[in-house]
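Dumping the structure here so I can ask a few things about it.
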Amino acid sequence: MMAVSYLLRPTVPETSKRATYESGEVPTGGTRIRFNIQYYMVAMLFLVFDIETVLLFPWAVTYADALGAEEYGLASTLGPMLLFVAILVVGLAWAWRNGAVQWAKSPQQVESEVDRP
Amino acid sequence: MVNALIPAEWLALAPTLVLALTAMVLFVFDSISPRSTNRPALAGIAAIGAIVSLAIAVWFAVAGTGSENADAGYDLWFVVGESQAGAGAINLFGGQMVVDQMALFFMIVVAVVTAMVAIASYDYMAGHTYQAEYYSLLLLAATGMSTMAAANSLVTIFLALELASLPSYALVSILKTNRGSVEAGLKYFLIGAFSSAIFVFGISLVYGVTGHLQLEAIADVVTGEAEPGSGHDVSEMGGLLGLGLLMLIGGFAYKTSSVPFHFWAPEAYEGAPAPISAFLSSASKAAGFVILFRVFTTAFPLEATAEIIGLEWTHAFIILAIATMTVGNFAAATQENVKRMLAYSSVGHAGYALIGLAGLTVDGGELVLGAAMMHLLVYGFMNTGAFLFVALAEYWGVGRTFEDYNGLATRAPVACAALAVFMFSLAGIPPFGGFWSKYFLFTGSLEAASANPAMLIVAATLVINSALSLYYYSRLVKAVWIDDPVSGVDRDFGGSPTGLYAAIVFAAVMTLVLLPGFGPVADLAIDAASAVVVS
Amino acid sequence: MTAAGLTPIQSDSGALLPERLGDLTGLNNLGFGGELIATLLAAALVGTLMLTMTAVAGPWAKRKITAAFTDRIAVNRIGPFGLLIIVADAVRLLSKELIVPENADRPAYDLAPIVIAASALLGFAVIPMGSGIHLADPEVGLAYVFAVAGIASVGLVMAGYASANKYSMLGGLRAVAQNVAYEIPLVVTGMSVVIFAGTLQMSEIVAAQAETLVSLGGLDIPMWYAFVNPFAFVLFLVANVAEVGRNPFDTPEAPTELVAGYQTEYSSVYFVLIYLGEFIHIFLGGAIIATIFLGGPAGPVLPGIVWFTIKIWGVFLFTQWLRSALPRVRIDQLIEIGWKGMLVLAFANLVFTAIIVGLLETDLALAMVIFP
Amino acid sequence: MMIETLLAVTFAGALVTFLAPNRIAGKLAFAISLVPVALSVWLFTAFDGSGNALVDGGTLAFESRTTWIELGAYEISWYVGLDGISLPLVVLTTILSTLAILSSWTPIDTRQSQFYGLILFIEANLIGVFAALDFFVWFIFWEAVLIPMYLLIGVWGGPRRKYAAIKFFVYTNVASLLMFGAFMTLVFSLDVSSFALTEITQAMLAGGPEGFAGVAGSTVSSLVFIAMFIGFAVKVPVVPFHTWLPDAHVEAPTPASVLLAGVLLKMGTYALLRFNFTMFPEQVEMYAIPIAAIAVISVIYGAMLALAQTDLKRIVAYSSVSSMGYVILGLIAFTHFGVGGATFQMVSHGLISGLMFMAVGVIYNATHTRMVTDMSGMADKMPIAVGILIAGAFGYMGLPLMSGFAAEYFIFFGTFGSEVLTYAPLFTGLAMFGIVIVAGYLLFAMQRTLFGPFRLETDYEIGRAPFHDVAPMFVLLGLIIALGVAPELIFDMILDAVDPILEQGGGA
Amino acid sequence: MTVAVTSYVLLAIALFCIGLFGVLTRRNALMFLMSVELMLNAANVNLIAFSSYHGNLTGQVFALFTMALAAAEVAVGLGIILVLYRNFRDVDVTVPSAMRW
């Protein structure tokens, strides 16, 4: 498909065409802009929870089988997973309460931040 | 795994679990009241958690948990199960964890250092924004170190190692606007990540050769009692195993700040908040040593491993011990900065503890290994105390060099008396606990020398370095006690911070008490060592 | 639909498409090279199927549907129902000049569209589409699908970064933030299905749904997980919409804010690839939903592949309905819905599913009460 | 348990004093220090031991032994007890400490609580050194003495205190290390199962070491003997190793000098007697001549150095080197009266040098100079202090009726007839010549300082010393005269403990 | 279509060496981090290859853990690099030298 396109399309080099598109305005400033720290926070949270799902998958696969086999009780199959999730939930709650997943702050919150050392 | 959830078994891990639980409680506290500056509550929770952990560990150790020769008459075990005392090491989760005397010994070290650091941080971290985070990370790192004490498989060892390391990275750089702290954190982290990569690769090679990650299972393959899953001949893969072992040593060297991965230590300890320096250089180092001891004594029996790789691994430790001692002490002797001097001296002490492995022989060595363990315990008190004194100095805002410390004794005689105790104990001169542990190391090396003459060199290096260390340790004592304060410097710094003082005095008292009270410690350590050496 | 004609073999015969193609053509006798050719052939077959569907959906169906919602008449000039617009658009886009911004990071700029398209296409490799169209059936199928679909995020951020354009950068970042926020609820909800099935293998999951859940007056209702756990189904559907970046979760492109976000600076065939990739993603999402919640290709009378296509198109129609029916959410709302709403619900779903399954499996008496 | 009580009381007193406010620290320390004095005097009266602590056959007073640490095949125990040699030294320690505290009320005007705390801490450790019968107990107390002394000199000392403190610390620590290493080698080459000095002594007397790391047993013994002799000689000090002493004495504050000269030096000779001369009778005989030579050189060279000094404290310090030479000489004679006299000299010199330093200190407090050349006519201004100084000087010179006379008499008497030491009369004669020099320099100094017209110009009135400065000197003087008149007060006890050593050593 | 275990090991060692080279030569903290990740993944390749070679799952499970920890390490590391950038305006690891080496 790309080859077809290469054969078909015209090439008319022209400098202004290659300029960055900013809705027709003349571009200002670089693209290395400072963006919201929240993107970083979210990425970090994702890392944690994504890995957690990796670790949960093996459990999920064996769960039903383990229950089927009589030798393991419900507590010893379900318990560790609940503990695991509980720890994660504590983590999530902590992140939530500390504003890691809060994209914008309300004026009251900003004000209360200012007082802090 | 079948009985993993039956209370009697896993409750043996209670000291570790208490630490983990405390960390969780701190997180919950912080979640309920984010950005809380309720320092008494936070420091209190952390300290109480550590002390409870300590109490349980001491109780278990005294009651004979995980020991084979519990003294009759201790009937404290009822909570965890009546039959466990004196029944030997308790294997948990299919041998992934083990609670024996050595594990308990190091759990004690970790818990006591954590408690002191938590109490001291109450003052040191006053005015800091991230109170709850600080204590949570501290307890999490302590959990990791405590887990390291009980880890009995390369999997759990690596997990625990990282659980201890990751919060430590953050703790070192927690003073976010302090360039030193950030730089220290960066260097600590980069070298930590690098060495853990090496460590994992080493694990993968060992796994490739033996087909197991559980330490006893590895040992069975190495000694030829069991076949690896693939059925190949282990003895033909000596090169790979040797390389793996070398890489493992690299990982451990980082954690214990030994040569050749020691160069992060002065940076990290100098830049980090002083209580964290204390924490890392005492608890973290001790935890690094416990897995080092466990891996090499349990998984790689000296004789069998030597047959496969063609070299006794004790030789590596002899070289490392000599190099580490010498590098640490000589570098420390040239420092002008107090914290940096302590950091290098901490490297030197890692060298002393390495003697524990260097002195192992085919048919024994529990004395020298036990001595290394004792040294780490005593070191836990004296070194923590010394760094906490630096914390006190930083709290008062006196400078960083020896000159800045001049004449502090006129202002704070009690703390400076404690400092003198720490310094002389670190140097290993008699009226303090440090004397015993160093003496035992010396005796142990001499004993091992009958089987391995190279240990004579080690013993000689130990003595020479101890003598050298007296020079720079006494220099600090001289500065605070004898030298006159620099004129023109305003010495009117505020207050006597209770928490810091309490921790420092406690450490000093323990350093002193360990002199007459060394008997039980020595018994415990030698019992623990003989359990792992013989098995 | 050509594929259905070529392979008139029943879906439950077990063998995978490449092998059967190999048998059919005798390529298997030619050793490794033959196997390779057979595999490539089969992959090309599935690829063509998907591209065809996309071609129908993109330039034509989408416009028609939107028009229907807004009571307009869309493309109708060229061919019957304007169907030839597909050809026209293809020619138009392919023959356009490729304009590369001067500050672009060329390797990343060139790679991004390919990554986006490929990640979606690769996902189909493990989807059992019925009628024997099933390229590979690894044990970790479901995890594979999630993983491969996740690669698209990398492509998006590459596109955004390489374009050297503020809009693109923001669009790329938003895309990643959104993808990561909804990926976890998606996967965790998917996991609750795994708890029932006890496997990650796609064919096994489909097979598990073939059993009868309950008989109502002679009509066997199959144990599709959408019926067993409708809550999970809804969660998954929502998360999926966000994951593929459709309304109301299309902030990364948001033409009114970011003039199409990460694709602003793309033109010609690159644009086609990105555009295709997005649509294939929608279909992949539909395919996953169909496989793990709607019994895969199962259905009465018609061949499996037909049922499967119907289910995929059902999901596609759903996204198009959302596009017309709902307003776009703000980026902060989007993130907060993801982390504070979806994630918590997903975990709740997982935990309750686990507990209920555990109780049912271990306590048969209780099971009898619920399923008499 | 009496010794433990004594130690515990002193240690507790040190801690209390350390934490007390500066204002009351001196008086508090004095009050506290009376308790150990009382206890040690009680020990003295209740003493019921006989024979030597280390050599088999005697009974120990106040013996107490409990296992401390099990170290592989060895047992370390808390083992203390007193015999005729150590008990007088314990009493000397407690009394001198109390008097030193009293004499520091005037000169010590900063950081009092720390100062008195350290003095009591030293006192406790000194008691421990003399009472210990297990090597480790002994070594720990031995080393623990150094740190407070280092601080006493370093913090409250004179202008060159830092140099003096570090020199003191380094010399003594290096010596300790040498001695420690030597002793460890000895123990590991012996067939013993504990570090109790008694057991080691008996093992040594029963045949000595079997050899270590390929070196023959007798060579090990000799090497260990030499190393330990050097280690202790630094502490004593004898001539080649003496250079730290004058510096330390000159810079140390008076009370520290009192303890340093009075008791710390005795640690060295005590340890020589306990270790070298009890455990190695063969080596004593073998190295008798070199040791005697060192002793005589110490006597004469120390005395001549003293003659050349103009600083009163330096004079007293060098005269200590000289006096300690007598002790070594008495020990090496290895006879009934030689060793007994040496031990007696330890006590006697402790009292006399303490007295001298106190007297010098009192004068210094008043005049703020110690230079002989600066002073004259002090007798007019401070008659009592000067009188006592003269009395002390006579004690040094060995004036009859003073303890110094008794001690030197015993030593010369014992040495003259020594069988171990060849050329004994020659060495004795040379050492006696030392007395002449002592008399010379002391009389010269006294004459210059005390008599003649008063010349020193000060901007304040030099008055009489306060009572609490003078009282301790009277107590010391009283003790000196008491021992001079009735040496059997302690001499019987000493001889009783010394004889078994000699009997073991080939019946000399 | 089985590949001999030695091939995987060689691949792993190659990856490891590339990572090691990066660690030793790169001055950018982020590149350093990436190199370390490469080394970790080399170990993972090894573990998984050996896991199938020995026929037990231990290695695979451990590889999962390694991935988890690598992720956590990156999270912490990026945080530190972020504060580094705020303090020093650079991510070059040789720039910070507030302390003497």
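Chains here go by letter, A, B, C, D and E, matching the order in which they are written, and residues are numbered from 1 within each.
In this text, a contact is a pair of C-beta atoms (placed from the backbone, for glycine too) under 8 Å apart; a residue touches a chain by one contact, two chains touch by 3 or more.
Quantities reported herein were computed from a predicted structural model and do not represent experimental measurements.
Once subunit B is ignored, the contact network of the remaining chains breaks into A, C, E | D. Chains that count as touching both subunit B and subunit C, per the definition above, are A. Among the other chains, D has the CA centre that is most remote from the centre of subunit C. Relative to the whole-protein C-alpha centroid, the nearest chain centroid is that of B.
Counting C-beta pairs in contact across B-E and across B-D gives the higher total for B-E. Subunit D and subunit E have centres, each the mean of its CA atoms, that are 66 Å apart. With centres defined as mean CA coordinates, subunit C is found 20 Å away from subunit A. Between subunit A and subunit B, the centres computed from C-alpha atoms are 37 Å apart. Contact with two or more other chains is made by no residue of subunit D.
Of all residues in subunit C, none touches 2 or more other chains. For subunit A, residues touching at least two other chains, in rising order: 50, 73, 96. Contact annotation for chain pairs lists A-B, A-C, A-E, B-D, B-E, with touch applied as defined. Across the complex, subunit A is touched by residues 91, 94-103, 143, 163-167, 169-170, 173, 176-177, 180-181, 183-184, 187-188, 191-192, 194-200, 259, 264-265, 268-269, 272-273, 331-332, 335-336, 339-340, 343-344, 347, 350-351, 354-355, 357-359, 361-362 of subunit C. Interface residues of subunit E, counted against subunit B in their complex, comprise 5, 9, 12, 16, 19, 23, 29, 32-33, 36, 39-40, 42-44, 46-47, 49-50, 53-56, 58-59, 61-62, 65-66, 69, 72-73, 76-77, 79-81, 83-84, 86-88, 93, 96-99, 101. Residues of subunit E touching subunit A in their complex: 61, 64-65, 67-68, 71-72, 74-75, 78-79, 82.
Note for the complex: subunit A touches subunit E at residues 40, 44, 47-48, 50-52, 54-55, 58. Here subunit B touches subunit D in the complex through residues 367, 409-410, 413-414, 417, 420, 424, 429-431, 435-436, 440, 442-443, 446-447, 449, 456, 463, 467, 470, 474, 477-478, 481-483, 515-516, 518-519, 522-523, 526, going by the rule given at the top.
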